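In structure tokens below, several structures.
Common to both upcoming complexes is chain A, partnered first by chain B, then by chain C.
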Partner chain A sequence: MSYGFIAYNDNNDVLVSSDTRNLHFLGKYTNPTSTITSFDTHGGLRHWKYTVAASVTPVVFMYMPTTDYYGVVRTTRNGTSNFDIEVIRSGTSGTTPDLYVFADPRASTATDQYGMIVYQNDGTPAFDSRLSPLAITGGTSVTHPSNPKGSISSSLDCRNCNSSNSASGSVFAPDQYNTYTIASQPSKPMFFFASLAQSERQVFHQCSEEECDGFDVYGACIGSGRYYYWESTYWCFYRGGISWNDGTLRAGWIANQFGCNWYYRKESDLLGIGTGGGSGAGGSWPYSNQTLNLQNNAVIVGDASRYD
Partner chain B sequence: MIKPFKILETRPEKEGGTGVIFEVFKSQVSENRTTGGRLMRTYISVPEGKDIDQYVFDFLEQGGWV
Partner chain C sequence: MAFGLNIFDSGGDITYSTTDVTWNQVDFFQVNGGSSASKTYPFISGRAVLTAQFFIDGPPSTRAATAHTVSVSGTNVTVSGGSENAYIIVLSR
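Entry: the complex of A and B
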């Protein structure tokens, strides 16, 4: 190009360019607008919505105050000047992450009189030093393990989804993760992470029982008897998350939804002649044992204290 | 080995292991004139290099299925 501005660092990386829009600090959000859902079993879930003021699509960094797993699962426009950001976290505490929201300089208006502005060729700003440009301190690419849990144990009740949420929660609570090291990060790091990976695990239990009031002859009931049949499919749906603990980054799983589907049938007979029965079904169907989107997932790190 | 379980599906996992969907059946007879059985169908991740049948068997043994 004949006109424009471009600035490089010592590694020949582009810092500022009139051809691309830099991200600038738009605001810090410390409280969610609402809690979408939460549960304390299955490793725990908190699902929050933050409504942020932005006229262009925001890029969100999270300050993660606990060592739980976090992820941004959704960004949607809300009217002409707001976006809704949905964040999930594992664990059971009430501690909420702080969101640091960035957008290109068209979303903000600076009031300072001095600084440097770089314009694109259409006259709109690409960089404005007065608007706290985003400074990146590190980054990596993470992938999530194929399994939220190595195996699903066999201790749940086959009858009518009778096992409690607590019991199924201990069966499905995720415990697998991959570990990454990002050295020399600030004491208050903030992370960009858009959750991609999804997984579902389920366990199907079926049982049957035959009661015989008459005589049992070689396994056959002579007289009156009843036959019972039960099915229960317990399932859990997961989303990928990241956690940070003193220099160590983990890519693990957050239980996002769980449920159970059941079926029941009863038959009665007398001397081989049916005398009645009944059946029932209920609950919500699961997905099937799958893990999706195990792609490289970008994690970008910045220094949150610069924007406090 | 006499297998008290049936492997329904296997799939390669990214880390090199094998994901296995299997089912197992166990019959039960109780003293109060009832007979019946239990069936479970579930997923297990078998690490790379491990024998799949033995790994599933060990898992079921720990759970009291075999």
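Entry: the complex of A and C
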């Protein structure tokens, strides 16, 4: 650089520079604005929206108070001075994560008259010590396992998606994760993690049945009979999450949506001659049996207590 | 401290110092689904760089929602291949 300011830390990494912008603390949000959806089967889901005050795109860290999986799934502008942050969590408890929101110093105005400001060459602030600049304590890159379930063993009902959500949930509850160790973290860590990975798994069941009103001769119906055929495809859609348990970070899955699609056909005959029938279909389809976006996802860790 | 930088608040407490570690924001921009972007940042030459992306719209369950591929080569950052609108953040230190 020919002019400006740069400070390196003890690791010889850039700490403050007039060519970049440090992230500064904007606020802490302990309560969601609303609950978007929730369910208790399939490992559980809580999906919340937090509306945060920010004029520039915020960077959100989560304090995760339970060992469930968490992820930020959506960051979108809401008007000129707010952003909506959507967070999902596995499990069934009502405990909500705290969000620690950071942004570059243009998003805040300090009232204190004491401190240090570094400006960029356009006169906008790059760093302002009065605005609680972000300090981190660690980080890693995580990849989610390609399959949310180690194996799927299903005895769900083939007929008209008749199995309960609870029965389906037992089949699809995610149990796979990758483990990472991040040593020497604070007692109240906060995590930056944007959820990108997604997966869908499904199980297909089919069955049939014959009814004969006449005589069954070596498997053939002599008289009037009916043939029934059913298909049911149960499915679950997952998104990637992270969990933290005393120094161990896991990259696992959160069930985000589930459903079932069914098909039914009936054929009637008399002495082997078709006399009519019918069919029906219903339910919802997800996209195909696929896992996406498994590329390395950044996780950054900081000390939440520094901003309480 | 024998050398380095301490920044104090009005109460005399250190708010930031050269013992701290951080990632600095080099850029934050939006790339829509089906679009691409290529940017050059001379500042990141020889420095550690971290990129991340956020979905602007929650990914749907009815179709594949592919994230962008973000690559860093020298001072260039390229973003492409995603089907969804996303914010891209480029961090350096």
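Everything below uses one rule, namely that the second predicted complex is superposed on the first by the 308 of 308 C-alpha atoms of A that agree within 3 Å, B and C clash if a C-alpha of one lies under 4 Å from a C-alpha of the other, contacts with A are read in each partner's own complex, and residues count from 1 in each chain.
The rule we apply is simple: contacts are C-beta pairs under 8 Å (C-beta built on N, C-alpha and C of every residue); 3 or more make two chains touch, one makes a residue touch a chain.
Bear in mind the structure is a predicted one, so any value in this text is a computation, not a measurement.
When the shared chain is aligned, chain B comes close enough to touch A:N147, but chain C does not. Look at A:V203: by the touch rule set out above, it reaches chain B but stays clear of chain C. Applying the stated contact rule after C-alpha superposition, one finds that A:V72 touches chain C and leaves chain B untouched. Of the two partner chains, chain C is the only one touched by A:V59; chain B is not. Annotation for chain A, partner touching more residues between chain B and chain C: C. Of the two partner chains, chain C is the only one that A:D19 touches; chain B does not reach it.
Legend: residue contacts after superposition of the two complexes on their common chain; A:A298 is shown touching chain C, with no touch to chain B. Within the complex formed with chain A, the residues of chain C that make contact are 4-5, 7-10, 15-16, 18-26, 28, 43, 47-48, 50-59, 61-67, 69, 87, 89, 92-93. Chain A makes touch with chain C in their complex at residues 7-11, 13-17, 19-23, 56-57, 59, 72-76, 86, 104, 112-116, 129-130, 132-137, 139, 192, 194-196, 198, 200, 237, 239, 256-257, 285-288, 290, 292-293, 295, 297-298, 300.
Considering their complex, residues 143, 145-147, 150-155, 158, 201-213, 216, 219, 228, 289, 294 of chain A touch chain B.
Every residue of chain B that touches chain A in the complex is listed here, in rising order: 13-15, 17, 19, 21, 23, 33-45, 59-60, 63-65.
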